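Written out below as structure tokens is the structure these notes cover.
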């Protein structure tokens, strides 16, 4: 039973880490970035390069973040900027970008599965259950991500400007906030976060050009359901992620794989604002 | 015999006429080339094209759902897959034969229709967003593919189904069969999309809200479209599997769904031909390129998609088309005759009290925007609603026209309580609402906009474009008065602000409403236009005995035309009386020139 | 179009004149250059190239040179249909010799039948694929599973097995056979779990495994990513039970490094086979490809032997005529790195199987070998 | 000396409809110009056009001699052109503190400015952590004005600041504004309907009607009547 609990929490943590970048982008510009999966992949490959250069893990993570952020910034400036009034087209264009990035990665690193050694291996004993140490670490990582971005959003000038733009762009501009700059930065941070999550899951997953894709739909659904706040994202990750684990454990994993998508669709049908303000 | 007025178009329609004669040879050419092509092409090309034809049919359905109705759908692949597997499973289980074939086809149609209906029910409901519809369309293929994977030998799991016996036709016959069915689907689609029904679909895409305020149940139309396209797509899949003798999960998957979208996006959304061009060119090109350079090919596709979305949102064909339009004179739809309908005698019929509002309130959490609003309005009354910004005027209008808006209180339109009904139902009680910013169908012509407005009175034909447009006298009056009558063939987006306002008013009047709600109709109009508007409104009240509720900032205008004024302040009715009363009221003066009105809560 | 028409007629002329000893024998290789198989595909192509070079160097077949036509099947049915169309109808190859996913193979079969082209399938698979045009020189469950299970039963005293797989034909096919075999040999299957092919989070399954009290695991996932994620997560969860992996090839195991250490694999080929033929083969490979060499493996070596099998069949038949070649294929045998292969059991081949264990340096140590394991009945009489 | 703000033949509007037609006026150093006129006459649109929220269709805008016609709003603000909107002028979800912070371009001298705010409107500084949405209408107006003043504007554009305020508050507001102008020589454009306030603070006035200036003069003895005439229903 305790294992199931741990599975739920750690799964939720992973989902939260991977979705947060998508959420931040969606929250600020109401754009769904279908290249998110590609950025996750980019992050993983950045980790690979870092590891090959022999960088310590503590440096690899920022490397991944920065790489993703740069990709994100370019994406915003070249593609997304022109599509704010066409959100559906933005989905398509970013999907196209996802294809492009995937192929570029393939052309550079080849199609084969790559490997990164986990920084933390083995298991820890929690109340009699020995459990994957790295997954436990993921809980911490999720909490850190949450804290960092809450403080960034609530504690800093940039965060203040960002919230201002979210709430009332015109007023913000009138007060001297350069909203297009805020957008650029936000998109960069969101993409960086995607890449960071890519780096964080490498020890649990393979590194290959499509590794991000399986996560995309779940992340997308969670963001839709949580409507834009990190808090509600955490909630929905716990609820839907938990449901996924429960279904996988007690019914079957294949159905489990569909849980998030189906539940999210139903939740949104009944309650279009999802878990937001719930 | 009602009189018939004939209006000549801006551009006489040489193309419109010529459209007739070149159709025939074109058809001959198409059928001919489909018949002869397999003799000329090599076997490989023929094979590729046969599959491409079936895929193109699926692409057309995507084009209809997305390009015409505005829902970005990833889900058509699922319906295609249903067709594929219906055939494969039934032929595998029961062998091949005529009854099995019919059974399989029936199954694919029924299942596709069912899934389509379910998807539609999930995706489209009053207040659903296009994004949500896309989400659902995303889930459908994903779920279906998982089902196929875990279906064991029944569905063949990842290996798909193979080795079942199927129609044994010559390659040439397959080619002709596929080619002709594609041509057939394309022609039917073109006819429908150019018919009045097609225009209605475009209207849904352009402005869903306006549609529902014209009494159209938009969700129902969208669901019907989805079900029909689902069936077509499943039949395409049926043919695909019948030819290939293979069923594979990819045929149903989300990736194939996106590929269909890419085809339509590149070819040109909202143009059936674009979908075909996109599908065929991508299928053929990939057949030649993907084999030798798989990654570069994918790369090209991705870049092309991005480029097209950014540079030519309406696809390559659209871009070409725009070029073409630059050279050729704009195509004008066949001349439209306006004919007045004998409107129900507005005399004693209908209760004198046209609108009854009691204790209406609207609250957001603790903050209340409207509170205890109570009034009655009779027919022939021209009632103006004034008040400073944020007094709640527009909110009140919304609460009167959409049953789901208000928090408390009772509203009856022409004697019908509106309960919690959505706008399209409330409108059918005899309510017409004109929005603040002119809300028309940008890509439709004036005549088409007006026709859409008549939908609930005259069912649009699915095949033809009627040349006669029946409108109530009031609407015709507006059309003539505003000069729209000379521009019936013009696309609404090319109209001046004033003409758009007039067009929207005419559209609302085409509903033959008993109660007319107008939100700042004169904002941004020229003096002349405002004068015209004033006359129209007064005559609507006096001659057509409409009950008009007008939200207006411009107090000169209000004083000029109103028979009665309601002053709204901070969500409450501050005063309800004749123009004189209001003009003389110090309270109103105070409200307008600033001082906090001590007695602002006072009910009249 | 007209110009194409001309080309076609020319092509036909050329075809009709195929008696000319000059023009080459075309071998079609539809293979997953992209998609799931793209990891192993390069090694497959390499061994095909080596075989063709060697044969051509020795004067070809019936005095005709061999040429290769490689086409990408995207590791799936849809791609395979295009690839097979291209090879059979456009390139008009004389034979298809390739390693592919089951989906791709199945999609190809009807086309092969329409084109009446022999098809030598060189990939291990879940079995029971039966077409007059299809020959298979790689293993099926009947050959691969017993070595591992027997070994676990005997040496590890395993009685409670836990089976994990990807939810697709190979995964389910292998494990359903494994289950039957385990139960037949007196063991018990305490759990059988699948994850979608693109699934990457095995957590709930691993938790179940740990709860099940199993004393041996046998996995059969899709090659590549799922295989890796599962192994990594098993290790991360501290699972150290005897672990038989039906889907990991030597190369992948090598690159997985420490995580793969201890895994048991059962294969008809491992680089460690100590035979002159294998040594010669490996030498030739590294000579030809040097640094670009992709480690030969259980999927690439059969390709090499497949080409030789075709050579033998054509020479026996004295022509490239499909029917004659198809008849000959079951009679000829090939001396290859894996030993003597003859596809005479319902167009499948008895094979020598090797039970190996992955060492911490990634190499595979052969623990035991099982000569001439019979493929069993792969073409059950149609009911 | 050159005027701080020069608007010359400015025309603008929404979509196809022109709501501002060829408006010209100048604003001198520390001048207060009132723009009066009834609702729906385009006064607010005029301010938006000046700030760049609406594109200038014709004409041009000069700020301290420099052409800023095409400058985006946030850059105009950085030059010292500060706008106090009439509607949605607050971030309801943010605290009073954060709303004030947004008045400055950086948190640098926030502390110092906060003291000043304390002098102007003590009520605000006592409730810094409270969400702005929870303030009463009057308090919200104070917050908006305070936020604008913190920016030490060269030109202040006020859109109906007195709307719906009690007389006492209106007086307080006009006091603060006057004092601020004396201390900093700020120029102001006040769009207003509230006569006493206009008369109290403005040096000149323009009457705005349907997008055009129809009248204008110094604020003197007759001003009251002439404006009234335009405002009457």
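Letters A, B, C and D name the chains as they come in the text, with residue numbers starting at 1 for each one.
Operating definition for what follows: contacts are C-beta pairs under 8 Å (C-beta built on N, C-alpha and C of every residue); 3 or more make two chains touch, one makes a residue touch a chain.
Computed from a predicted structure; not experimentally measured.
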If you check the contacts of chain A and chain C, which chains show up for both? B
A student comparing A-D to B-C should find more C-beta pairs in contact for B-C
Can you work out the whole-Å distance between the CA centroids of chain C and chain D? 78
For chain A and chain D, let me know how many angstrom lie between their CA-based centres, rounded off. 43
Centre distance in Å when chain B and chain C are each reduced to the mean of their C-alpha atoms: 53
Report the inter-centroid distance (CA atoms only) between chain A and chain B in whole Å. 35
Junction residues of chain C - those touching two or more other chains: 34, 167, 194, 196
Sequence positions of chain A contacting 2 or more other chains: 254, 257
Multi-chain contacts in chain B, i.e. residues touching at least two other chains, fall at 146, 149-150, 295, 298
Tell me, which pairs of chains are in touch? A-B, A-C, A-D, B-C, B-D
Mind pulling up the chain A residues that touch chain B in the complex? 32, 79, 82-83, 86-89, 91-93, 95-100, 102-104, 106-107, 217, 220-221, 224, 254, 257-258, 261-262, 264-265, 268-269, 272
Contact set on chain A toward chain C in their complex: 3-4, 7, 10-11, 14, 111-115, 117-118, 121-123, 130-135, 203-206, 208, 210-211, 213-215, 245, 248-249, 252-254, 256-257
Considering the complex alone, what residue numbers of chain D touch chain B? 13-19, 38-41, 86-87, 160, 162-167, 170, 192-197, 210, 231, 233
Can you list the residues on chain B that touch chain A in the complex? 72, 122, 125, 127-132, 134-136, 138-139, 142-143, 146, 149-150, 258, 261-262, 265, 295-296, 298-299, 301-306, 309-310, 313
Touching chain B in the complex: which residues of chain C? 1-2, 4-5, 7-8, 11, 33-34, 71-72, 74, 76-79, 81-83, 85-86, 89-90, 101-103, 105-107, 109-110, 131, 167-170, 172, 194, 196-197
